[in-house]
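Next up: some structures, all given as structure tokens.
Both of the next two complexes hold subunit A, though its partner changes from subunit B to subunit C.
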Partner chain A sequence: MSITVGIPQALLYYKYYPLWEGFLGGLGLEVVTSPATNRRILTAGVEAADNEICLPVKVFYGHVLSLKEKVDLLFIPRVVSVEEDAYTCPKFLGLPDMIRAVGDMPEVLDPIFNFRLGSRRVSRDVYSFAKRFTKHPAKVWRAWRHGVDEQRRYVAKLESGWTPVEVLSGKAPPEAKGDMTIGVVGHPYNIHDEYVSMNLVKRLRKMGARVVTSDMLPHRVVEAEANRLPKKLFWTYEKEIVGSAFYWMRSGTVDGMIYMLSFACGPDSLIQVLLEQEAKREGAPALMPLVIDEHSGEAGLVTRVEAFVDMLAWRLN
Partner chain B sequence: MRKANTTGIHLGIDVGSVSTNLVALGEDEEVLASVYLRTQGQPIAAVQRGLIELEAQLEDVPLEVGSVGTTGSARYLSGVIVGADIVKNEITAHAVAASFVVPEVRTVLEIGGQDSKVILLKQGVVVDFAMNTVCAAGTGSFLDHQAARLGIPIEDFGSHALKSSSACQIAGRCSVFAESDMIHKQQMGYRVEDIIYGLCQALVRNYLNNLAKGKEIVAPVVFQGGVAANAGMKRSFEDALKTEVIVPKHYHVMGAIGAALLAKDSIGNGETKFKGFGASSIDYRTSSFNCKGCANNCEIVKIEVEGTVLARWGGRCGKWEVQEVEEEAAV
Partner chain C sequence: MPVTWPHLGNLEIVLKDLITAAGQPYILPPKNTARTLQLGLRHSPEFACLPLKITIGNFIEALEAGADTLIMAGGIGPCRFGYYAQVQRAILNDLGYDFEMIVLEPPAMGWKLFVDTLKRIAPGKSLWEIAKAIKLAFRKGRAIDAVEREVLKYRAYERKKGATTKAYRAALNVLDEALFEKDAIDEAKEEALGLVYGVEKDVDRPVLKMGIVGEFYLLLEPFVNFDVEEYLGHSGVSIERSVYVSDWISPGNNNIIGGISEEEIKRAAAPYLNHFVGGEGQATVGHTVIYAGHGFDGVMQLFPFTCMPDTIAKSILPRVGRDFDIPILSLVIDEQTGKAGLITRLEAFLDLLWSRRMQREKRLLSV
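Our next item is the complex of A and B:
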């Protein structure tokens, strides 16, 4: 019987699942994911996590708890940095420790990904992580390559207009229709977690809007736009948010933008100001921040989204 | 029944958390009748009472209902009850009404029972808006509560504020702290009118610093919603913004006026779905249950008349929403 390893369907799952699944599968492990977020998962996460932490991390706790009895190992990598000169969110660095601190957990696998130190260092860390599962370096290399290939296919699919949920479930997006296009910016784990976002993407499509999200833009575009800031941002994921929003503010390809952010997110609260300043420029598309937390009722979100779509339709007429 | 067209009267119904408002607009979009009621947590009963009162006011008007629109937090529920031609969110409804009354309006300040909004317009088109989030500090409910605590009828709250010669400094960021601040000031012996005016200023400060943060407030400014009745709030806004603040004649039913205007626009030459004023005597029953279909355990609300399900909603997935299923089947 193969060893099972659990990957919580939360946080960086939406960014790197194909890489992780390909890699761990290549090492001979059986990957198990938690189900999509539901009320039980959210409630369990909110109860287990520290009260001050942001909603997506609370959701992560809930997913870990739902996997806990079902797997031999938990895969919670320490993603320090995914590129040179930039870091991920500080909470991601401490994630494995935070989960261990809950107590009574399966063993947590926490390989370090720190691309800031160069890809040679990453390879070394990958090997040292994988050696408990195989003694053959070639097998590790093949497994990693497999993961990287899967990831490349995933990103290509995102750039062709599929959402992460659509790619990972293999369900093609509905045919795009509607007169208006709305850019949804924010962390993928907020936007694409349908429970957390209260189905924002589907809701907008149902109201007759075409929807594009930050993860559908090519990395180089996002990078170039983010570099328009006088000072380089040192958080990779926030750079993606700023870059995509800046791109849409100038490209004329969207009629409006919704920035979905979670209440207790430090980086989000800073980025919000940057985006709002940029949105004041003449001719920029309308920007609506949409804050979510565990107390958010659907009614408030629906009212705002309806009013936003009305506003865009009104302008188009 | 006469075939409905735009020559009839147009009804707008705004069912909010605290008040339920109904208006009837005539052929020239003039307000023929208006009703302002407390919702008292019973939106269906409030709509039914409102319809009775509205019908009574319209006794001498020989016109049929041409269209009806609903808005407010209970817009979907009231839409089912009356047979709405259009169901619109209250932000759009308020913007439409404000630019109807003051066509050149640039800023709408709206403070209702439990929410507040700021809407910015340019040439009659909404360009930006914000609505308060989880916190209800500074809304009508809080003023209501404070008026009751001071033993002053809410209707007189504003005129008391105007008597003030020097306002007290009250913390307006949070209702709970504002209340303890007010009690403290009372115990120290400050005059009630100075405390009340201080409270108005605190609420305006809170509104401008939180809700309207970073938004450029340009005149003409229209102030509407139930709280616009409070002359102390109007004066505080004028002091803070250093510009005239216009309170329209029908400030308390602007959402309903917006809904009626939108209904009139949407109906064209079509026929209204209005169920008639008789909807006030129908026995609507609502019930709710927890769906066991998945781990979400959504609370589904059901509205029935004599065993027939009119509508169901509240689920994360669409499986209980009969209303939509029926509409799709009808197409």
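Our next item is the complex of A and C:
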């Protein structure tokens, strides 16, 4: 029987699942994911995690708990940094330790990914992580390449307008209709977790809007736009948020933007100010912040989103 | 062009000297009050961490008082502090204030930028003069911290309630007034320590030993922590604290004041939090482990609501508490926190610590 390793369907799953799955699969492990977020998972997460933590990390706890009886190992890498001069979010730096502190967990695999130290160092860390599963460096290399190829295909699909959920489930997005385009800005683990976002993307499409999200823009576009700030941001995923919003504001390719952020999100609490100021400029598309936490009700969200879409439709006519 | 900077505990005593040595006039922001907080709340993003809100309040009040050059520290992340200045500038610009902001970024962002910024703060001074002034400032800063450390440790033993606080104020005054010269600072330090040591003590009194860990701003600024340290001292608690101003300003300097080196802290934290997470996250865990190992009665963690590094630490501390069998009280502070509620929780915690102490002593006597 092969060893099973669990990947929670939360947080950076939405960013790197194909890479991780390809890599771990290539090492001969059987990858098991948790089901899509549901009420049970959310409730379990909210109960287990510290009250002050942001919603997506609470959701992550819930996914871990739903996996823990089913797997031999848990894969919770320490994703410190994915590019040379920026970090991810502090929460990702401490995530494996936070999960261990819950107690009574399967063994947590926490390889470090820290591109601030250069890609040579990253490959060294990858090899030393994989050592316990195979003695053959060539196999590690093939597994990693396999993951990287999968990841490339994944990103290309995202850039062509598929959402992460669509790519990962192999279901093509519905034909884009409507003459209104809405940009949805925010962390993919909020926007694309359909339970957490209360189906925001589908809902907007049903209201007749085309939807684009931050992860559909190529990294270099986002990077260039974000670097218009007087000081470079040191959080990669916030660069993606700021960069996509700036891009849409400047290019005018969307009619309005919805900025979904989790209550108590550290980086977003600061970014929000910069985005809102930029959106106040003449001619910029409207920006509506949508703050979510575990108490957000569906009714409230629907009302706000509908009002926003109505307002945009009214502007367009 | 009067310069200003936000309040942070005793930091202003050295900054006043430093800015004067740089040849600049300065205006201190008015003391932190409810108004400072209100202003900060009104103009800051809702779930930004508390230090951002209060320092915005400081800047607004200092600008009202006539300052026009704001000095702020920068940073390279991953905690939010490194981006504060950018957001503060945007908010204050939006409010229509006319000012210049000088952000002192750490050398890690480039030595040239660092040196250029120092020269903007001290126009016309040579690098050598600047370096000398900074060295002196650290000397004074460490003197202040050394005094504070003694105060925290021995307040619990004072015979006359309030005597230590009085001596502490006098000691700070001596240091504040000392000339900005090596010998003068050293002499002032002796005198200041003498004042604190001179407080009459009851050394036989049973006291609790508590470690205080957490986020630097909350630990160092009495306005936001309601001066819990004084309260604890008066309640018979001798304190050791993880962060001091001079340690915080010169990270990597092996924690001269706290007395515990960064290496040691990392090693102690590793089984529980095996990576830095920005801010004081890892230090909070590491210090707790060390304090627990030294047989302290309890540890208190203080940090602002939404603070990322210390929230991570809070999630992990219960495991440390279980392993070492030491009570840990995590206090999360936000703008709604009131002193009364805080004291109630502390009282309950102290009761717990005392009863554990009694039990332990009983056990020891019965064998």
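The definition used in the following text is that the second predicted complex is superposed on the first by the 317 of 317 C-alpha atoms of A that agree within 3 Å, B and C clash if a C-alpha of one lies under 4 Å from a C-alpha of the other, contacts with A are read in each partner's own complex, and residues count from 1 in each chain.
Convention: a residue touches a chain if its C-beta (ideal position, glycine included) is under 8 Å from a C-beta of that chain, and two chains touch if they have at least 3 such contacts.
Here the structure is a predicted model, which is why all the values come from computation and not from measurement.
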Consider subunit A as the common anchor and indicate whether subunit B and subunit C clash or fit when overlaid.
fit
Touching A:120, do we find subunit B (first), subunit C (second), both, or neither?
neither
Applying the document's definition of touch, where does A:177 land relative to subunit B and subunit C: first, second, both, or neither?
neither
Touched partner set for A:235, first subunit B, second subunit C, both or neither:
second
Which of subunit B and subunit C A:299 touches, first, second, both or neither:
first
Residues of subunit A touched: more by subunit B or subunit C?
C
Looking at the overlay, what does A:50 touch: subunit B (first), subunit C (second), both, or neither?
second
Tell me the contact category for A:135 with respect to subunit B and subunit C: first, second, both or neither.
neither
Touch check for A:281: first (subunit B), second (subunit C), both, or neither?
neither
Taking every C-alpha pair between subunit B and subunit C in the superposed model, the minimum, in Å, is 5
Check subunit A for residues that touch subunit B in one structure and subunit C in the other, and list them.
none
As the complex stands, subunit C meets subunit A at residues 45-49, 52, 74, 76-80, 82-87, 89-91, 94, 103, 272-279, 281, 305-309, 311-312, 314-316, 318-319, 322, 332
In the complex of these two chains, what residues of subunit B are touching subunit A?
73, 88-92, 125-129, 131, 133-134, 214, 294-298, 316
In the complex of these two chains, what residues of subunit A are touching subunit C?
49-50, 52-53, 78, 80, 86-91, 93-94, 96-98, 100-101, 103, 112, 229-231, 233-235, 263-267, 269-270, 272-274, 277
Help me check something: in the complex, which residues belonging to subunit A touch subunit B?
35, 38-41, 195, 199, 276, 286, 291, 293, 295-296, 299-300, 302-304, 306-307, 310-311, 314-315
